[in-house]
Every structure is written in structure tokens, then in C-alpha cells.
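The same chain A turns up in both complexes below, where it pairs with chain B and then with chain C.
Our next item is the complex of A and B:
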């Protein structure tokens, strides 16, 4: 053993750890770091290291955070983490810098006479409580897939269990709602069956409108680095523009926008027409489903013969006509899916989800895998990826959606409401049966004058930036800012387009400035401890919710009491209530642990069992269902619905879809016909606009644009186009272009031969840049089931500006 | 399906990559280079698509794409000529050399252990041509292209991004960031004269030659180039040893 520490060194280190964990961090009344027991904590040369999941995307890499003198000073990829095995991407390596932008929000600000003026927390809490009491039914919460699990759980309980109000929806509605409806309509229960282990085992990986080389780089490397080890993995890239991922692909299927519907149907048709589908798998474990009239999430049962007849239309020639992809390439891909010896994994994210037929498209990809039997063994999986660290853990599992309750329950179901009321210990009837407004509805309502029926008077936004990320902001966001009785509360860490227009701004703690838990794309729940103090008066989002709840409780607001009259968020220690609403005492106990243990019983209904909090302290995340073994250890599940791994599969069964919507253990293979996009290029608006992301920046860029290494590498948004189009328009590299849709316009520099290569007739613009807001141009048309808008295709006109015109 | 050689371990991968690079260079220089053909599935001429067929892994290091594909064609052998060789004597680094090297090194990193940024323009979309210079390392006109310090990973630009603004995009003022990164401290010695421990993480820095070998900054170059088993004498620093938590095999936390 090299570097074996001596006994004296071990004792010295132990003493240092003991000393540093009890040191009070600040003198001005903020709580000390919690006394804690992290088995991963180590202190060497004055640097205190501990594990945390990365703050950014849904991959869920673990980082080691190095803290010295109360500040983060270094980051290292965590070698013990199964997700990333020590590797990170450039955002992850620089995640520590996200805390230290100079313009951190450090005190509550209230708009007075048009200006944001510093106020005390006490005043801020009173203002919010006043807004709630004005009319609790018109108070809404707009949250995030970046909410930690305890934060989302507290917000959900505050709204649905406290205010009897379901107007709570997250930004994840814009991000993965269609993935949820795809899983629900196929398996009857949300979230992927497979996991990242499939990426190590597959022979073929299919990217459906996905660019993981930039957006999920660690997973992408997990695939392509297999080639460096001499393994073979064939990459098929189905895309509307060639990207860095295409550069590594063996086959690139360049399609017209919306062509994915035709391609998936074409594959289903060929599998049946050629007889290469998996007859045994389909006979034993699948049922067929078609769209009902009126349309519904679960459609109607159809026979295999019906399915075969309907799908027969999607011949390779017809698919070529709809998608622009040569028939021969469709046939080749169908050959791969028809080969049972190959192991095939599909990955998708925003291309499929941000789609007016997103639910259909998700279901079709599942259908291709089910029909071909590429399901349920390592390497064979349809796996949807997420873009936020806890889109799964918080939004989908805790159910911070306007129709949902924790653990896969829905407010419309009376049994679910009763279970919820019992778990929250609130009187029966407390939870409102009517779903609240989904994101687009919510913001449209907020921007509608009260006298014209806009009944939402206040929205509290946490951990997201809707002023930049909502679609069609000219209609959904800005009008509310001119209405006097519409009040916008925003909790954030930096000034953003949203705080700029807010009435009350609350400074938040972020990432390792607070305790947290999140859930990644592969059902992995992760935990970390607070490591540094937040700046100034910035405080935990979860505390903010609890403090407002307590203010209402103190004012006698009935909803903040449980059925015994106790505070809804009461935390007791040794039989005494700890005043966690007083921030000085917030870390006297581990509130995360307390909320998580309260939430755990919710997770059993849909067999998404979570382990006790302390198991997550020990592990680098665990994939649910986590089930206790006879030896009392906790075992995670990698492959859901597969008898060899999933403890909930009936004994002796190879596969068991135990939440089947047809209630017979079968998954549904859907027929969803092609449908034209809601808006397509025409004479007046002749180009497609696609929006998206770049490697360096994460979402609205409020964190990554403050990290010099990332911002220098990608300083601003741009319009990417084909050189032929540029020539026709007469614009050169760096020259300015006006992009105009029926909804808004934006001026941007052109970048030809840049990061991606759109085909002629398409322009691509990333949305990270707060000074070049492309969502003034995009469309708010959305999927009928998931209510997720389509940011990937709308019609625009392009116009050359003189090179002198305008500055960014 | 394409059958690819079954390589085991980093050494043979490197040897393979080196061999491909060498063949490619000869090909480029003599003008006889052509894309290798393989018997299995290949992308054919695509009338309806403007996308070039993606090259196979075999072709990755040998094939460059895009407008600047030829820019290094005659450069790489010339760069290689200017590298010192292991049999040349190397003087121990002076303190001035050493601090100059650390400044230069720190300029490209947010903290010790961060992946360095790329101090030159890159082909944004094409397959990474990084290996052409960074596979073995090169020195020219006072500029050094260090050999990569880790095994070949395909998606180089996942971790390494350009340090400066590309001409198409203007830089606007940056919000100041007050992050202060961990700086490298000198390696620790058990006694005067003992070999120092590594003052930086050792993970993904397995190829010591990258910074301490012939092509390295003078201040970091080892005075004993002829010795190749570095970790025989220089041990990883405990600062970056992730095994020392309780979760690791040493089980330190259990004693707390």
C-alpha cells in the first residue's frame, strides 16, 4: 500500500476533522455548519473534502468539493461515483466557481417606487404572508427541477397541504413533462426501466434528437471511450442538424423537423412487415394501444391486427417523404432493431420532449424497443435523459406538478388525496381535487388582467428563471409586469431577467451552501451536506418556505396547522419543537433528513421505495426501488421490470410491468400517427428556428455565464446557419441578422461553420444568453397531454442588418 | 459491422494511435493518403442529405475534416524535429524557471486539478484533431503543445474549452468572479533529499512526461529523463487521495 498514513497522521487528521466540523462559521447570527457525520469527509493540509452531486444537469455526476477557510477552492471528479467514475465535463470541473460571481444577491429586495430596495427578512416574510392572505386561491408557486427533494416536498406540502391550492408547477414542465406522459402511457408508471449501465453494454446506441457530446458529456464519453478500449459501439444519430455528437456517429439520419414521428412509425412497420419483431416478447408482455376519441392519455386498446393495419402506411418511401431521411437508412436502422443479437439503447432528451407530439414520440420510442424486444436486459433500454439535477427526484417523484401529489399520486384521485391527507396529518378535504394551472396556463393567467379573468395574483418563483426560459415571453411573462395587482416574488442567487422584473427578490443559498438531495436520470437519489456559508443574508429556499408557513401559522392561518393544531413543518428533537423557522436554529437539526423521512412512506405506492436518509449519506446515490434485504442491508435496483433484478417482479416471471395500464402486466405499444407541426415555414416566414444548448452553458446561463472559463469559451448567443443561406442573405460570419417570428424578434450575430451545422432552411440559436432572449421569438404551442411547449421548431424570417447596426 | 482490433490496455491503445498517426503523416506528406475502405456497412452517396458519412474509429486520428483539414499536414514532422530527446542532458530547473512555469501553468487553470483551457482556436465541430499535436507533444517557435497527461479520451472538448473569444462572437464584460483556486504547493519531502510527493492530483495525470518530460516547460522538466517508473519514488499526495475517507479502503472515518 503506497501512501499508507501512519497512526499518528490518522489521529491528527481525526482531530482536525472533529475541530473543523464544529467551528462556528460566521459571527453575525448565521447558523454554524451542522454537526454532522459524513463518512466521506476528509481533511488534508487544511482542505476539507466531501462528496456532492454536481449542481448542473440531470446526469448526476458526483464531485469532490475541496473547502479551505470557508470557501470552495477545488473540485475533483469523484472516483467512487458509479455515474462518472472520476470524470467530469468542463461545467462540472468549474462548478465551484458558480458560487463566487461578484453580484450574488445577499439581501431581500422590495420594489418601491419602481426600484428594488433592501429590506429585512422579517419584512419580506410579512409581505409574502400578506400576499397569501389576500386570497390564498390566487397565490401560485413556480418551482424547478433544481429544487432539492426536501425543498420541493416542502413547497408541495405548503401549497397542496397548507393552502389547499394546486397552482404549483415547475420549469420541468418545459423540460421533461412529455417523458413522464410517455412513460405513464406505456408502462403505467414514470421513469426509465434501464440505467446508465446499459451504456457500458450496448452494441448500438441511438440518439433521438439528442446531442449528448455537449449536453450529457460524461454519458457520451462513457459510450465513446469504450472505443478507446477496443470495444465496438455503433452510434446512430437521428437529428435535425449535425452536431459534435454526429461527428462520432456511424450513421447520421438528418431529418426534417417532426420527421422523428415518421421514422419511429417506419421502424414499427418494417419490424412487423419483415417479421423481425420479437414475437415471444410481444405475445407475453405487450398490448397494443391507439389514440381514442376524444384523445386521452391512455387511449384505447387495439388488437395486433389493428396495429398492423394502421402502421402499414409507414413504408420506407412514405417515411422518406415525411422525414427527408433516405428510405435505405430507415431500412438499415430497422435491420439493427430486427437483430435480437445486438443490444440497443436509445437516448433522448429535449428534441423528443419539447415537441407538440412529445407524448406520442416518447411512446413510439418505447414501442420500437418493446416490439423489437430490445428491452430489459443490460444494454437493451429506451432511456430518456433529464436536463436538471432533480427533474426526476423532485418534480416527478415528489410530484411538484399542478395535478400531482408525492409518490406518483394525482389530486384528482380521491383515494390518493385521502392517503396524502393522512400522511400529512391534515383533515380530510384539505387537498383540493381540482388540478391547478400548468406552466403555460399559469403564466398566461398571471399576465391576464384580474378583471378579464386572470385569477392568479401572485407567483413565487424559486430556483428558476422564467423571464428567460418561458416560451413566447412577450405574451406569457412581460404583460404581467405592467399590471399593478400582479405580484412577482423571486428567490434566486444572482440577478436574472426574472429578478429584474420582480416585486420582491429573496437571496438564496445554493448547492453546497445548504444541505440537499436530488434524483438523476437513472432513478438515483443523491445526498450532500452543507459545506460553506451562503453570502450575506442569503438563506436556504427550504427555510424560506418554512418561515413563510410559520408566519402564516403565527397569524392563525388554519391551513398551516395539522389536524392536531400543530405547525405543518414542526420538527421535534427530544420531545421539544426546534424553532427551525428562525434561521439561527435552522441547522440545529437536519431539516432535510426530517422532511425526507416524512416523504419516504409516500414512495411505496408506485414501488419507488427510497432508503433511509443515512443510506444516502453513505452511498454515492442509490437507484430506486431500494429494498431492504434479509441481512438488513439496502439493495438498489438497476433494471426495473426485469425478473433477474427487480424485486417487485412476480416470482418466476422474466418480465412484469406491474403498473400496467391494461392491468395485466403488459406494456403498451402505441400507434400514434404522424401529425404536421403547428407552425411550418411559409412565404412570409421561410426558415425553421430550432433553439437549444451548448456545452459550456447550463440553461439560462445565470450560473455558467459568471464562470470566466465558460463565458470566455462561449461568450454570447449566435445564429447558426447553412453557408448557402448565409450567401443568399448576404451575411458573413459575425455579421448581424434579425430573426423575426409572428411573436417577436431578435438581432444576433451569425456564426457559420461553428459548433453545429444546420441544413439549408434552418437556423439554430442557443437560449443561454440573458442579453439575447430567443424566447421572445419561440412558440408556446404545446403537447395536449404533457402541456410541454415545442421550443425546437417554429417559422421565422431572417433579415440581414448592416454590420454597424446594434450591439448585443 | 466493422470489426475493430481488440486492443487491451492504454499502452497498446497508445501504440495503435501512434502507429495510425505515423501512417497518416506519411500519407499526408507523400500525397498518397486515401481514406481506408472497409468491407462492412458504409455510408453511401446521399443525394437527400448534406451530411458527410461519419468516419469509423479506425479513421478518427488519421482523418481531419472541414476547411482547415490540411493546415497541419506539413507542420507536425517539423514540430517533432524540435523536441529534445531523452539522451540529451537536462539541467535541474532553476527557481526562476520553476516559478515561471507555475505562472504559465496557472494561467490556464482555475485551480490545481482543473483541466487546462485551450490557448488556441479549435475546429468547433470537426472531430477533435487534438491528437495530432497533443498525442505525442510538440514544440515550435517557443510554443509548446504538451502531450496529453491521460489516456486517450475521445471527446477532448468535453473538458477542455478555448480560453479566448472566437472572432465571430464579441466578448462583453465579464461579471467578476471572486473564486480563489487551490494553488499547487511544492511536493512534500520526508527529509532533505528525499523524493518529493506529487503536488497535484495523480488521477488523469498518469503520463508524467506530459509536464515533466522532454517537451515540458523547463521549470517542470525532470533532471532525470532517463528514469521512467516515476511512481517508484514519487507518491501521490494525500490531498487528492480520495481513498482516505471512510468510504475508501483505508477506513479513516471509522475512527472518528
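Our next item is the complex of A and C:
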């Protein structure tokens, strides 16, 4: 047929229509596209694809998000992403469906006469501003490792730079605070030296209380897939219950709870006793440290001879007695660490961090690697993993902890406060010198009546579900809900145990409904653009903070003004302030870019340099420090403290711990003795309880339980126990059991021979199920330095309830 | 060859707008659509035909860097006539 357009002409016509349509929609008042040029954005068969990191764990996999007609319609693994190379786990493949649960929160709700009733955003913002003005010092913020970097930065600035109030802490306090104190006490600076490249190069990988087959499946695949290529990777699993990860292990060291302290000390002892430690590395780059009286994070300097004497007690026989692991297995693992031809990577997560000796355990693992010289070359690394997508990026780097400021600064240090006040352009004296309440303290205080000293009157919660995830909720969460002058504000995307008990509920945008940036476990900062609109009146968490700040500014609240009287969150374009507090104009500019560029100078203060925002637009994440090269390009760092890669290592040095707490370029090898757990089984409560996650569900399940495929695969929590214990109690699979501790109780179905296998005397319960809240039972005892609670071990009694059958 | 669909936002300067439009019109790879005023700015739909996706990115970035351009938004890139390796299939 004549005059029929060619395919190319049709493509051009379609492209012109697309651009013109966008402009017409804009002219008709439709929200603007995010201000962006995404080199990753492309259209195939009418579906627009762009990159984003997965919403769930701290691995930081990249997904390709397919959007059509304003809705996420497809998800694919991103083959260009170094982290996952196109692979995703079962949660990642379904991440798009997390947006489309039927019960999304779509309008602000205020509790009136006991019921949550819809109100306008204007009213909601006024209510929050009123609560702040009631007494700014009693207003607290409880955030998350799921906050994006700009969100966390805005919240931190709002509280510390605006309200002069440090009562801001994140849920990450519950998952990785001990990793932070472990890094600080060992290297003087937080976050891992190595990266995921170590998993491709190591000969041995040691899991310390870690089950990556379910918790970090893509990293686990990265390790075990090497076997399918004919490579040898030996896996050593140190655990209190055998798991899916154990099934792939060459050696399983089944230990008693708290036995990890003994095992690490046993390895340190054998390395010295056998003379297999790396003498040259230790002499050149390490110092020794012991616990001080009174206890402190930096302890006291001790000599090698002191260390050798202290550690000598931890013979294989004694370690066997403390940990339950046969002496022979301790000796075999020490032999591996004593062989410097091998490359050894350690991985750990909650098993080590959720521990009343979490700081000590972290430091001991670093110590085993430093003493044995398995450090600083590809494949040799002690690497802690994170559970949330931005526990590192937002919590540890932006410093949304109650004692911290961005960039590794702390509020207690006057020089750091002055730096912060100058960077935020607020008057000197604005940042409060007194650290705020850490998570357990904050919620305990909120649940304490005002007249009895509970001086927190309001908590604003964003992107987390403390009603389900705090330990010992019967003491830390629920009592506040009966106190009339305590007010709980919750920003979330779905109804949760926390919104159920809130006084004000704010509907939030999530993931690709907003711009975002996060930082994963290997120091990789990642960026994505908004791709779809949030439902109803749901709005960005960052906007919510800025809008409240503006309410306060308009009311004349001095804290929301900088030293020149300008709004604390002012964003200008072409010399004019853009009214980003009005949601209609929030995307007239890229607020994320503006906040991130404001944050960047902080990152250089402790050698965690980040590149300009646009570099992250182009990349699938970059690992800090990211330093500009003579040709203007930006170079990431894979191996910190190693002269061959880290730009901050002094020239000519092989290793340089340039934030050394002993100020001599050395890392610290600690002696931390074994200590008994705060609670152990006894006559009344004869079993250990361990809690954790499962493959299909992420954290409190508020997202994954809305994804039908994941909910069907794992519909409810269960009590996993040993068949012998089940026989003794007279319970079979599916029969119900009451678990009771000194703090609370819960009824659950039993699962025997399921996914994991606890040893006799132990029961395991996952915490994802909002209908079976195991944290009514758990313990709130916490590490003295990190303030992180121990969810992995407490004493419980078990009682058979019925013979009703059913599968969990 | 990939076909990119862009929205170019021009700042309120008649002189600069003319220079930009003249410059883009002279580029055989570029097709300009009908500009529309939006607040003080002007939005121009642009179609860009390039040999590679990299060339499209570089060109869009070059447009964004022109004096008088406030921003360039990428509406989409159709590269359905490229195979998996980025080479043209027709």
C-alpha cells in the first residue's frame, strides 16, 4: 500500500505523541514528571522501564520496574546491576505487588471518640504542629532503615537542627546498632571494609548466626552458584539451629545460645597458641584492647602479652563446655583461619547483633580476621550484613540515631555540633549537646505516665511498625495507648498493629511512588526516580516532614528558620523559592537532589565521600568513598583501608586504619570474655526462644503479607521445635502450643521437621505475622553500648493446648 | 536506531529560545513539536533519532547543558528495533 508509514515513522510519531501528551497533561494541572533525565529509562511494547533498588532487604539488588498506564505492571532482575546480576529472590520478583494491596491507606485519619476518622492534610499538619508546640522537648521521631537518605536527612535536620531535640532514633537500633559499635571500637569508623566482591573470591565463608539462604538469598546464591561453576567454596555455619543455609554447609557448628563468644575467643586463643596468627600484619597494623572499668566503647590499651594471657583460658575443651560445640570442630575452624593461603570471608547479621554482648561479638569477629591476617584483600573480609534497604545509607551515614549527626559526627562533641550548625546554617547553640533517648528508652518513657517522669508526650513514627517489632511490647508499646496525654502519629502505607493503636495516621507514598536514595550493606548508595503516583491522598514521607516544618515556620517557630531567617528546608530555582511544602509543587523541583547535595559536604568529614546526585542517576549505585579523579570521573572504593584501592590510605602504605582509636593507624583486636546471657532456661521456663524471619516475608510482613503469592506460600507464624520435645509435650504438627515468658504469652501451631531444625530445648518463632505477635514474649535486655535488644534468646515455658490438626 | 521522546523546558528568554530552536532544527536527528507555554517557561516536545542509546543520552545531556534550557525530561526511548546487544535488527 502506498503512503503507509514505515515502522520507523510510526516510532517517531509515537514518540512525538508521548512528549506532547506529557506537556498537555502538565498544562491541564496533572502532576509534573519528576525533574529527571534517566539514562536507564526505555519503552518496550508500551511498557516504560526504569531502574530502582528493591524495596526490601539490605542486599541492595536492582530491579527493572515496568510501568504502563500509571501502574507497575512488571518486575525484572537488572542484569546491569553488579549486586545481583539480574537475579532476584522470591520477594524481589514480587516487589511491584507490594504497592497494590487492597487496603492501602489513602487519607489522613484522626482518632476521635475512639475511632479513626478521615481528616484533611491541612488539619493533620495542624495537629502535628500543635503537638510540637505543646512542648518541643517532649516530641520524638521514630524512624527507620527504610527511610530513604533524603527522608532521614530531613527528619534529622527537623529534629536536631529545628527542634534542638535529639529524641530521634530508628528501628535500625533493633537490627544493626551492635555492628556500628563493633566497627567503631575496632576501626574508629563505621561500616565494612570489604564488599560483595569478596563473596566471588573467598575460599571459605563463615556464617556467624546467619541464615542468608532465607534472609539474603541473592548473596547466598552468589556464593553457592560458584560451586556449579566447578569452584570450591567451603561453608562453615555457626548456628543455634540448623537452617536452609546449614544444608549447604561443609561444617555446621551447632552451638548453645551465647556460645559464639566462646567460639570466637577459642579461635583467637588457638591462633596464638599454635603460632599461626599473622605476626607481620599484627605487628604493623594492629593494637590490643581490653574492657575498662567503668566500661567504655574504647576500653583500655593492653599489650599482646596481656591479650595472650587473658585469652589462654579459652582452650578447645573450655569452649566446648561453654558453647556445646565439639573441641575438634573449634580446632578445625582455627586451622582454616591459620592458613593464610586461604581467603576467608565472615558474614553475620541479627544473630550477632541482637545480642546483649553484640558489640563484643562484632569486635571479636573483626579480631579473628585481624589476628589471622584474613583482611583487606579480595576474599578476606569480616562483613556484617544489614536487614533493611538503607540501614547503612540513612541510619548509619545520615546519623538518624539519638546520639549522632550526619557524616559520623556526634551531638556530644562541641566541634561536631559547630560543624553541623554551620552546614545547616543555623545559629550556634541550636544543636542540643545531650543525646536523645535510644529506642528502648524512648518507648519505655512514652509508656511511662507524665507524672512519673515519662517526658515524651508525642512520637511520630515513619516507615516502621513498632507495635509489632519492639521487644516486650506489653511493657514498651501498649501502656502508652492507655495514657491520655500520650499521642502517637504514624505515617505508613498499610494498616498495621501500630496504626491500629495510633492517634493520627498519615497515608504515605512508597518506593517508586516517590523519588528515593538508599545505601546497602556494602557502602553502595543507590538512586531511583518516582515512576507512578501514590493512591488517593497518600504523600511522600519527606514532604510530610517539610510540610510540618513549614507550618511551624508560618507560625513563627524560631527553630524552623536558619540564621538568616529563611525556611530551614528552602529550595530555590532561578533565584525564587519553590513552595515545596505545597504538595502540588513538591515535584516542581527534585527535592531529593536538593537535600542530597546539602548532605554531601557532611559525608567528607569522615572519609565517606559521596558523589554528586547525578552520578547516582547514571550508575547502579556507587560504593563510598567516591572520589573525583583527575579526568573528572568519579571512582568508587571496594576495599577500604587497603593501599591498592582506598584513596585515603597514605601513599606507600599497604594498610592504613586512618580513623584508628589509638591514633596510630592501627585497628584494635579486643579481648572480650564470655558472659552468660541475661536470661536462661530454668525450672519454670525451661526452653530457649529464638525469633527471626523467613524467606517469604520481610520484617513485620506489612508489605509481603499483602502479596498473595507470598502470603499463600507462608500464611502464618508457627513454633518450630525438635521432634523429641514435641513427643515429650505430646504435640504433633499443626497442634497448638502456648508459649509463655515472664513478659507475655502467645498461642501458635507447631511445626516439626519444617524449614529449620532447632535442637532439643529450643523453639523458634518468626515475627512476620501480625496476628501472632511474638514480641509480647521477647526480652528487652540490650547491649550496654549499642542499646540493641536480644531477640534471639530468652526463656519460655511451652504448654500443649489441643489436638486440633492442621498445617502451619 | 533508538527513538527518544523528550520534553525540553526553555527559560523565559526570547533570544535564547530562538537560538536553541534554530540550533536544534539544524540537527537532522531532531524533530521539534509544537511548543506550549507553561507558567513563564515554554515546553517543547522533541523526538531524537540516534545510532545508539549512548548517543541519545549524550545528546539529551548536551541539550540540557545549553544556555536557556531549564531541564530535559526523558519521556521514553523506543529501542524495539535493537537486539539484546544494542545492534539494529532492521
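Note that the second predicted complex is superposed on the first by the 774 of 808 C-alpha atoms of A that agree within 3 Å, B and C clash if a C-alpha of one lies under 4 Å from a C-alpha of the other, contacts with A are read in each partner's own complex, and residues count from 1 in each chain.
Quick note on the criterion: a contact is a pair of C-beta atoms (placed from the backbone, for glycine too) under 8 Å apart; a residue touches a chain by one contact, two chains touch by 3 or more.
Just so it is clear, the model here is predicted, and its values are computed rather than measured.
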{"item": "Contacts of A:45 with chain B and chain C, given as first, second, both or neither", "value": "both"}
{"item": "Partner chain(s) touched by A:753 [first = chain B, second = chain C, both, neither]", "value": "first"}
{"item": "Chain B versus chain C as contact partner of A:412, first or second or both or neither", "value": "neither"}
{"item": "Touched partner set for A:272, first chain B, second chain C, both or neither", "value": "neither"}
{"item": "Which superposed partner A:71 touches (first chain B, second chain C, both, neither)", "value": "first"}
{"item": "Superposed model, chain A: greater residue contact from chain B or chain C", "value": "B"}
{"item": "Footprint overlap on chain A, comparing chain B with chain C", "value": "11, 14, 18, 37-39, 41-42, 44-45"}
{"item": "In the complex with chain B, residue positions of chain A that touch it", "value": "2-5, 10-11, 13-14, 17-18, 37-42, 44-45, 47, 49, 51, 64, 66, 68, 71-80, 86-90, 93-94, 96-97, 99-103, 213, 217-218, 220-221, 224-225, 227-230, 232, 234-235, 237, 242-244, 246-252, 254, 320, 324-326, 328, 332, 618, 695-696, 705-716, 718, 722, 733-734, 749-751, 753-757, 759-760, 771, 808"}
{"item": "Residue ranges of chain B in contact with chain A within the complex", "value": "1-8, 13, 41, 43-44, 46-51, 53-54, 56-57, 66-67, 110-115, 117, 124-127, 151-155, 157-172, 174-182, 185, 197, 201, 203-204, 231, 235-242, 244-248, 250, 252-253, 255-256"}
{"item": "Residue ranges of chain A touching chain C (in the complex, touch as defined)", "value": "7-8, 11-12, 14-16, 18-20, 22-24, 26-27, 33, 35-39, 41-45, 48, 574"}
{"item": "Chain A-touching residues of chain C, taken from the complex the two chains share", "value": "1, 3-7, 11, 31, 33-34, 36, 38, 43, 45-47, 49, 53, 57, 60-61, 64, 70-81, 90"}
